[in-house]
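Before any comments, here is the structure.
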Amino acid sequence: MLKGIPKIISPELLKILMEMGHGDELVIGDGNFPAASCARRLVRADGHGVPELLDAILKLFPLDPYVPAPVGLMAVVPGDTVQPVIWEEYRRIVERYDPKAAEPEFIERFAFYERAKQAYAIVATGEAALYANIILKKGVVVES
Amino acid sequence: MLKGIPKIISPELLKILMEMGHGDELVIGDGNFPAASCARRLVRADGHGVPELLDAILKLFPLDPYVPAPVGLMAVVPGDTVQPVIWEEYRRIVERYDPKAAEPEFIERFAFYERAKQAYAIVATGEAALYANIILKKGVVVES
Amino acid sequence: MLKGIPKIISPELLKILMEMGHGDELVIGDGNFPAASCARRLVRADGHGVPELLDAILKLFPLDPYVPAPVGLMAVVPGDTVQPVIWEEYRRIVERYDPKAAEPEFIERFAFYERAKQAYAIVATGEAALYANIILKKGVVVES
Amino acid sequence: MLKGIPKIISPELLKILMEMGHGDELVIGDGNFPAASCARRLVRADGHGVPELLDAILKLFPLDPYVPAPVGLMAVVPGDTVQPVIWEEYRRIVERYDPKAAEPEFIERFAFYERAKQAYAIVATGEAALYANIILKKGVVVES
Amino acid sequence: MLKGIPKIISPELLKILMEMGHGDELVIGDGNFPAASCARRLVRADGHGVPELLDAILKLFPLDPYVPAPVGLMAVVPGDTVQPVIWEEYRRIVERYDPKAAEPEFIERFAFYERAKQAYAIVATGEAALYANIILKKGVVVES
Amino acid sequence: MLKGIPKIISPELLKILMEMGHGDELVIGDGNFPAASCARRLVRADGHGVPELLDAILKLFPLDPYVPAPVGLMAVVPGDTVQPVIWEEYRRIVERYDPKAAEPEFIERFAFYERAKQAYAIVATGEAALYANIILKKGVVVES
Amino acid sequence: MLKGIPKIISPELLKILMEMGHGDELVIGDGNFPAASCARRLVRADGHGVPELLDAILKLFPLDPYVPAPVGLMAVVPGDTVQPVIWEEYRRIVERYDPKAAEPEFIERFAFYERAKQAYAIVATGEAALYANIILKKGVVVES
Amino acid sequence: MLKGIPKIISPELLKILMEMGHGDELVIGDGNFPAASCARRLVRADGHGVPELLDAILKLFPLDPYVPAPVGLMAVVPGDTVQPVIWEEYRRIVERYDPKAAEPEFIERFAFYERAKQAYAIVATGEAALYANIILKKGVVVES
Amino acid sequence: MLKGIPKIISPELLKILMEMGHGDELVIGDGNFPAASCARRLVRADGHGVPELLDAILKLFPLDPYVPAPVGLMAVVPGDTVQPVIWEEYRRIVERYDPKAAEPEFIERFAFYERAKQAYAIVATGEAALYANIILKKGVVVES
Amino acid sequence: MLKGIPKIISPELLKILMEMGHGDELVIGDGNFPAASCARRLVRADGHGVPELLDAILKLFPLDPYVPAPVGLMAVVPGDTVQPVIWEEYRRIVERYDPKAAEPEFIERFAFYERAKQAYAIVATGEAALYANIILKKGVVVES
């Protein structure tokens, strides 16, 4: 543990967030996401929900202002009647850090898997909500 | 995730619990425990408290009936005024699974480090309470 | 060994079952299946039959309700007169855990090999019956 | 699988048995034996009993005629009332292959662990019987 | 060394023969074969001839009855006047174990290299005869 | 790079600082320190001076309040006339973060090497000043 | 550290510069460059600016006289109003070592990423300036 | 060192020369050749010239009589006025071991790089002459 | 294979013989020697006898003239009636290469194991003769 | 190759020289030195003599002024009549770079081996002269 770093972020995850550069993508997968089969680099966060991880990550991680939507969600499979209420929570968290990034892109299930395979890393959580996977595209850290 | 396995247990931790045999020891370290420097096998559980991990582990893991105290705690350093209230919570959790094992052994700080270095594995948590480290000695699985 | 986990499942197999996510596939190969040459991840279960492994795995592993047939079998090669009586045993085992999944898909021999090469893992057994290979597609673990 | 090799022996175990030389020792541990923490080389045989493995191994593996007892068992801990009936089964199996080796040496529990740490390999089984661990010292293969 | 296993077979080769399944191929290369550059798995048997290895391998290794020719040889390069007398020796050895497999397939030199690159393993011998390379396709082990 | 993390800290160093626990030690070596031969874990920071690294690290890293002096310096070798003015700069930096830790312990050259070999990690800098090596003992992160 | 070698160059970077041959390319990425996701070989130089590294590298590293422009820069993305003043500094540094190489080639952002993926190595710096990435193509060392 | 083996050949190079088979290629690169970026297997011979290595290698290494030219050289780039006098020295060395192989094939620069990427190994020398790279195709060792 | 190198020597063995220096020891173990458990570096030569390997090795490998006996044999265990006739064959082979080294040192069985554990490498053969293990101490290669 | 770096120094050796710190030792072994069995880090320089390596290394590598003799040689074994004339050459080379270091320390043969085992690295050359091994203790690089 370190001063000022959220405890939910593991040393390995922190290293990976820091290694990423402009345009690299991070996936936070829910508990049913095939994270281990898709990931180039896999970080486990078993037992945690996505919202608390998302909140901790966005404290440190800038979103990409060069694309229309630096946040991506997995679209509901046609015919499935699930209503992912967790999306509203994601929107509120993103808005708190970067209001311009709050409107997500929706990505078809298998297209999401393909994009996850190209991501820099995937975080495997224990999130029980369905369709709770999220992609974040990293932006630029500017001198303050 | 699997049916009936607590979500807080990672695949790697489950594998390690299963590999352990009679007499092998597992340490669950709090967020300040020097887990990475002591561990033969290190399992990270950043952001989690010890009680919820202890509860999940004891669902699967038998304690050793061949020793007087299969549960060990780190004794408060002489001169330190901390009163670890979390110990009472541990006692209640252990009691629920194995009443005969509820009375722990207290181990001096540096002796605890030496024993941790001999343990089969150490779980590194984000537990904020002080003196919240615990050692579990594995027992025998008997046919039901 | 752990409380409540079938003894026939090795620590490594348990870890792999747990790492898999929605849509990932597991192959249980019979004793003549070219498991080592096809497998991305190989788990050995020498000396065991497929039915006892299948039964132990389905205690923990949900089948995919999003596809017509989450269970696949290798079709008999045209001209071969083998009658795989073990298939009936598989059907009874699957039915016990998931009645909607009991009707398998039949896959031509070389197409089966190609699909096995894409599977998350292959379990190599000592099953002596011919055409006793089986593919399982993982479903979703839901909160109980 | 190969012609004439018992199916219960895995490729890795067969390789290890073959690599061993005169005086090297093999431990077959029961399901509660701390195999992973003691082993220089660990071979898993989850779900199998010791007798069927012992029988298969002795088909291939000569016992050492240079020592009084090439077979060792773990002695019952003083105060424990267990009567290991499986020992009689071991005696019958060993006798079938090498009558002069049937009388075992008994080794105190912690001395057994130390000897297991020096063994060439340990086989981890799922044997449910208690005190079912056995050490075999390899002999010499002579030209036939 | 083990009882009943030919001494010429190394522990690693025995493991590899055992791991192979129905349809997997093994190449035994002569001393000039580019084994190290083609092999997925390389087993060295320097100083040995192919016939004694072939004989030892076929004691354990069934040939594939599902294809017209489970044995393949490298065809003489057009214009080369070599007469590989070793082929007759191969035929007699194969015939002893599996008369139906004695008639080999002849494979053009560069096609042979491509097929060797797909084989499960290549054994590199010290065979001095030219065109002495041989491919074996594994069959099925049936209960006796 | 991340928001709020000093740029001089590499991803690997940040991970290592976070993995360390109460009582673990970190050495920041000057450009002539035999870092690679002493280090259990080596982090390179070539071209940087020690003061800027020390300042960045102490933003995140608590010092140990359980020991009289959590900061150690290498004592000048008897007979050497060097006056390490950099020590005063270290004192000012430490004081800014933890006034109680500003008084360092002085450690004889070869005793310093032995302690560095036990440290969790060593950072190798390009600091040109002599006797500019420093040891930091990690403290406890408390909830804010 | 060695006599005559700039301190900012790490041992690993020096080794890599020396291993490179005629036509091989080196990328020095700014602090936001996705170095870790593009690099075949990654060298970290956190906290350093590109100009001081460029200057140190060109002391040792000849530029390729066989191509029109051995130095490449990332062109400003259309619509972006950044004016990279650092480019003028790069020009002065290159000119000092190799006047004929001072005129750079400009490479579109995503084409630059593709070329970086083919480069021999990427140096990840902490350079805060935007569009500060640079590619160097190695020339020939001639006898003096 | 061994009796009768030229001292300039390293243990690793000797092993690689021996592993190669009929048709495999070896590249000896000059000091500016991009050996590390092209090589499947890289052997360093820093500080040595190509002629003394070529001479030592041909003592042990037969050239391929099945192709018109088992020796290849990098053709001078059009427009370059270099006259590689070292080629005459190569011719004399090759002629001494295999007169029929003395006439080399000339390969365009980038085609040479592609062929080097397919070679079994590349030896990186310190040869200062330009266009001094050479490819050798291995022949057949026959019984003497 | 290479010109002039005995075919029975594998590429790895040749590399090891060449890496050894003055005073390093090589063990050639018979088929029952516990080579894999004693060896720092293990080279397999399954199926070969010791005499043909010894003869091939001594063509290349000088024996140490600085010690009274650079060749060591395992003494017969007291009480064992074996008469190792192979020793006479060893003497004749050694004498052919180095008459002054023909008189061996005899080493007690367990002392031989300890010395083998310190040897640079052990060659595991298939030699069927008992007490056929031999240690060779390397000498100095002098300019011819 | 790089501008100004002697070609005889390999990339790996350069990296190792640079990693070393004050007090670390480097051994340059002659062609008969047991370098591979003693070395913590082994660098091969087959075919080169020690004097040319020593000269190239001392261009970059400062010797330790804190000890009476930063250069060590292997003393002639009592009874051996060799007169190592190469020592005079070493003295002249060292004198050119550091006159105060020219007087070496003489170390008994087996004490030399023990010290070599503690050295940071050993360079294995092809030097034919006997007793040509040399140890260098690194000093301090000071700002110019």
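Chains: A, B, C, D, E, F, G, H, I and J, in written order; residue numbering restarts at 1 for each.
By our rule, a residue touches a chain if its C-beta (ideal position, glycine included) is under 8 Å from a C-beta of that chain, and two chains touch if they have at least 3 such contacts.
Since we're looking at a predicted model, the values are computed, not measured.
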Fill in the blank from the handout: Contact steps required, at the very least, to link chain B with chain H come to 3
Problem - Most distant chain from chain E, judged by the mean position of its C-alpha atoms - result: F
Problem - Chain centre separation (chain E, chain J; CA means) in Å - result: 51
Exercise for the section: Please report how many Å separate the Cα centroid of chain D from that of chain I, as a whole number. Expected result: 32
Practice task
Pull out every residue in chain I that's touching 2 or more other chains.
Solution key: 1, 11-12, 19, 31-32, 128, 141
Exercise for the section: Go ahead and list every pair of chains that touch. Expected result: A-B, A-C, A-F, A-G, B-C, B-D, B-F, C-D, C-E, D-E, D-I, E-H, E-I, F-G, F-J, G-H, G-J, H-I, H-J, I-J
Problem - Residue ranges of chain F in contact with chain A within the complex - result: 1-5, 11-12, 14-19, 59-62, 141
Handout entry: List of chain H residues in touch with chain G within their complex
Key = 29, 31-37, 77, 113, 128, 130
Completion exercise
Within the complex, chain A is touched by chain B residues 1, 6-13, 31-32, 44-48, 52, 126, 128
Handout entry: Complex interface listing, chain B residues touching chain D
Key = 19-24, 66, 120, 140-143
